[in-house]
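In the two complexes that follow, subunit A is the common piece, with subunit B as its partner first and subunit C second.
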Partner chain A sequence: MAQSGFDRRRVNGPNESLQPVYDDGIKESNVLYKAWKPGEARRKRQAKDIRPICARHTATPPTPFVTQTVLKTGFIKQANGSAYIETEHTKVACAVYGPRQSKSSSYHEIGRLSVEVKFTPFSSLVRRVPIRDAEDRSVANLIQQALTSSVRLDLLPKSVIDIFVTVIECDGIESCIAAATVAASTSLAKAGIEMLGLVISCSGAVVGDDVWLDPNEEETQLASGILLCACMPALGVMTNVWQTGCLPLAKAFQSLQLCQERCIDIHQIAAQALHED
Partner chain B sequence: MALQTQTGTSTDLNAQIFQRLHPRAYLERFIKEDIRPDGREATEWRDLSVHVGSISTANGSALVRLGDTTVICGVKAEIAEPDLERPKEGFLVPNIDLPALCGPRFKPGPPSEEAQVLSDRLASTITAAGVLPLSALCIHPERAVWVLYVDATCINYDGNVFDAALIAMVAALKNTTLPTATFNEETGRTMCSRKLRKPLPLECLPVSYTFGVFDGTTVLADPAAFEEPLLDTSISIVLDEGGALLSAGQLGIADKDTMSMCVSAAKERLETYGREIYAFLE
Partner chain C sequence: MLSDCCLIPGQPVPISRGPALQLGSGVYNRNGETRASLLGVPVHQGPTLTIPRIKPHPPAPNSVVLGSITRLSPQQAVVSITVVEGVPLPPGEDFTGVIRVQDIRVTEKDKVRVGECFRGGDVIKGLVISLGDARSYYITTARNDLGVIFATSEAGGTMEPVSWQEMRCPKTGKVEKRKCAKPEGL
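Coming up: the complex of A and B.
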């Protein structure tokens, strides 16, 4: 959208620019569900299906992003741990640096987990002006909440673990947060940081009577409520639950249950990716 | 990182400690043996791969890997009013981001000085080379033009980001299609048609070749992240697909012969490999 303000530290465009408007009146974000009516089934996949994480694409040139398994660890050479995850159009890269010395002078008995999230300007349909906004922080906060209880921070006094997440493409913010959480936890494991278990996250959107897992952008807009759940399947405990929208209690519990079941599958993929390295 | 051949042994540990404590001496000993820490010869380039169109939210995109250096670039097209002084010209806004993710020395927050310098160099190279005539972005003179935001992000920093970013930006522009737009003078609005999309008329496909001079004598092609801080001089040669010199830049001191040597080395590289870079994007 419009470029707000002039930033000396970047190459600047015009003061104001707008997204193109199309003559057919359809937003680019509304192609799959153009003629969808409430009560109809989910398009393209089953309600309980998530988008493939571990698919192998073949007919593309050799790049680490597409030819190998799409949850790939250790691709950022200088980072202590890193992971890249791709679920169709959602693409997230994550790097872990540390544990390193905390910059703040005050003494901390336990280590600190710092999460920074950055969206690339081209990651969503509307261009994101490259200025840190509130969304980056709230996403970072959710990832931090999901991870904190899984890491043995008590073993790392005075230190800080930096987790940097770059969202290359985002198709549905809740499933993007879930993917980033999985990538971050896998990176932490790759970095050799002591943890109680891998944190796996999954989101579910309540559309009518159904719960659609791992919703994309369009499905998010149809949903009456969305639930994001992070858990450690190895221990059977939940680390973070976040719900938006209006949901009957029974639906909320049902989605929680479904998310958790799916997390077990994702856990296997993450463990496999770490094992193959 | 560098010595991948002897992982796990105690000699490897010693070599790694030596590399961190005395990086200069470490590199010197390699150069003396006519080899570089990553196993390349002085004039050898790392493998390059270009992959386009993987980002659906962008009008055009490219992923470039140069060795381990990975740069991803996306082009977003928006509509704006043109500059009063140039009523028929659109805008091309190239920027590169070096996020904290890509290497341990980068900090989160606003663009570092390094990123600012890199953005500026990329912008001036793309403008000077005349990659895209800005008049091609005109929808209606004085009222509406396209703005192309060319944003590159470095995902993995292993040296020579300038070369990788330039290829990523040009490849992303080459991959970009714009919808046909018509300006309605009565309503003052621009409408786009989803059906007709056309590629950008690129006039020049530049490729940059960066060399580093170590110890005043040794010229290293395509410097890696470990070598970069130890170099006295960095020389970037930008050539178009026909081999014409578009720009040459030198940071630091060097003999008068070094520059011409780099130009001929760049041309040689273009002859052997350079033409293929954008050819497959047709």
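Coming up: the complex of A and C.
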């Protein structure tokens, strides 16, 4: 074996070794934001606009944030409460069962909230495997944190409330979590479970110097950081704040402020949906 | 369509009366302001302000429940609670209750035999005395109007109450021992 690298007993690799070629990060699938440069304005909507919730097709063009139509409640008959929310490409259904007797063997004075989220395999561009999807658990945790402080669990000893969220289509994961929180809170109210107030959630993406509310999938990719906030507009308190990416403090507070203001408008839509049976 | 006074959770309740108002279920007080915690119309029941709840809810102490006997033991009878305060629970979502031997009747508590008071499958009307332990609520039937309201005899017929201790099968005429509830209107 005088020649180095020539070994008959093993499978030999190539003689030459080269560096791998890296993609420079620009995705080809950005249809809306093709040839968009940082610093340019948002496309198709204003920075402060959220996508309309369940817009009906009318002759007159919709106002900046459409409050015409409502999210639908009570569409799952066998559940105690249910809600379906649809923004342009985000569709989330939620069902609430309970208060049921808790199966755990320990006695607990205050009730428990159990949130379970399921993404359908066709909900995003890349197929999600139903059993091995790891994102379900973290989304469920966020929704649970947002809702726990709003429900009067002290009145439900030994009971558990099951909330099942099914994401049928997801356009931007943070806006999807926000929509799911609104749907879950509305279905809790519909189920007749005592709450301190409705929980409304909104997400904002920081792109350059602007804050764009309710970002879709492409805008989420362009953003440097995203803030998701859940609050109870009736009481003026926050229940959950989740921040991802890189955000300077001033921008974080600015987007928090904008999200809170928008939550008040979404609260109107939710209230309207509850009043209409 | 619901009336205009229908409130959503978190909405302040418009109170017209003076401040001497007790708060019932469905409303709560925060920073001196009364707000709704349920979706509904507020109702004044005497001195209490409440939002009535029509949806099924878990049993609370002092609520009247209906259930069926699932298991008997010398110390207790296990009940599957199906109706709480007149509201039936959804199927599959029943709660478990327990009637201890000392809570079956008021008199002669030490001489009670569970087999002479209840049988499996009987429908009973009881009162929840406490939350009990992790698995079951504690129920009592120690009152005139509490006890077995519906039972089937060994021959298969629906029995009628004869006295507070006995029920009679109309098919065979046989008398069986149960702790019966006093029918309403008697």
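In this section, the second predicted complex is superposed on the first by the 232 of 277 C-alpha atoms of A that agree within 3 Å, B and C clash if a C-alpha of one lies under 4 Å from a C-alpha of the other, contacts with A are read in each partner's own complex, and residues count from 1 in each chain.
The rule we apply is simple: contacts are C-beta pairs under 8 Å (C-beta built on N, C-alpha and C of every residue); 3 or more make two chains touch, one makes a residue touch a chain.
Computed from a predicted structure; not experimentally measured.
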| item | value |
| --- | --- |
| Which of subunit B and subunit C A:Q78 touches, first, second, both or neither | both |
| Per-residue touch tally on subunit A - higher for subunit B or for subunit C | B |
| Which of subunit B and subunit C A:K251 touches, first, second, both or neither | neither |
| Partner chain(s) touched by A:R51 [first = subunit B, second = subunit C, both, neither] | neither |
| Contacts of A:G192 with subunit B and subunit C, given as first, second, both or neither | second |
| Touching partner for A:R262 - first (subunit B), second (subunit C), both, neither | neither |
| First, second, both or neither for A:D23, with subunit B first and subunit C second | first |
| First (subunit B), second (subunit C), both or neither touched by A:P121 | first |
| Touching partner for A:M232 - first (subunit B), second (subunit C), both, neither | second |
| Which superposed partner A:Y97 touches (first subunit B, second subunit C, both, neither) | both |
| Doubly contacted subunit A residues - partners subunit C and subunit B | 78, 97 |
| Of all residues in subunit C, those that touch subunit A in their complex | 1-2, 6, 8-11, 25-26, 28, 30, 35, 37-39, 53-58, 90, 93-96, 131, 133-135 |
| Contact footprint of subunit C on subunit A as seen in their complex | 78, 80, 97-102, 104-108, 152, 155-159, 189-192, 194-198, 232, 234-235, 270-271, 274-277 |
| In the complex, subunit B residues that touch subunit A | 1, 49-51, 54-58, 61, 63, 65, 68, 70, 72, 74-83, 91, 93-95, 97, 99-104, 108-111, 116, 119-120, 123, 147, 149, 151, 153, 155-158, 179, 181, 189-194, 225 |
| Contact set on subunit A toward subunit B in their complex | 1, 9-14, 16-24, 26, 60-66, 75-79, 89, 91, 93-95, 97, 116, 118, 120-125, 127, 130, 132, 162, 164-166, 168-171 |
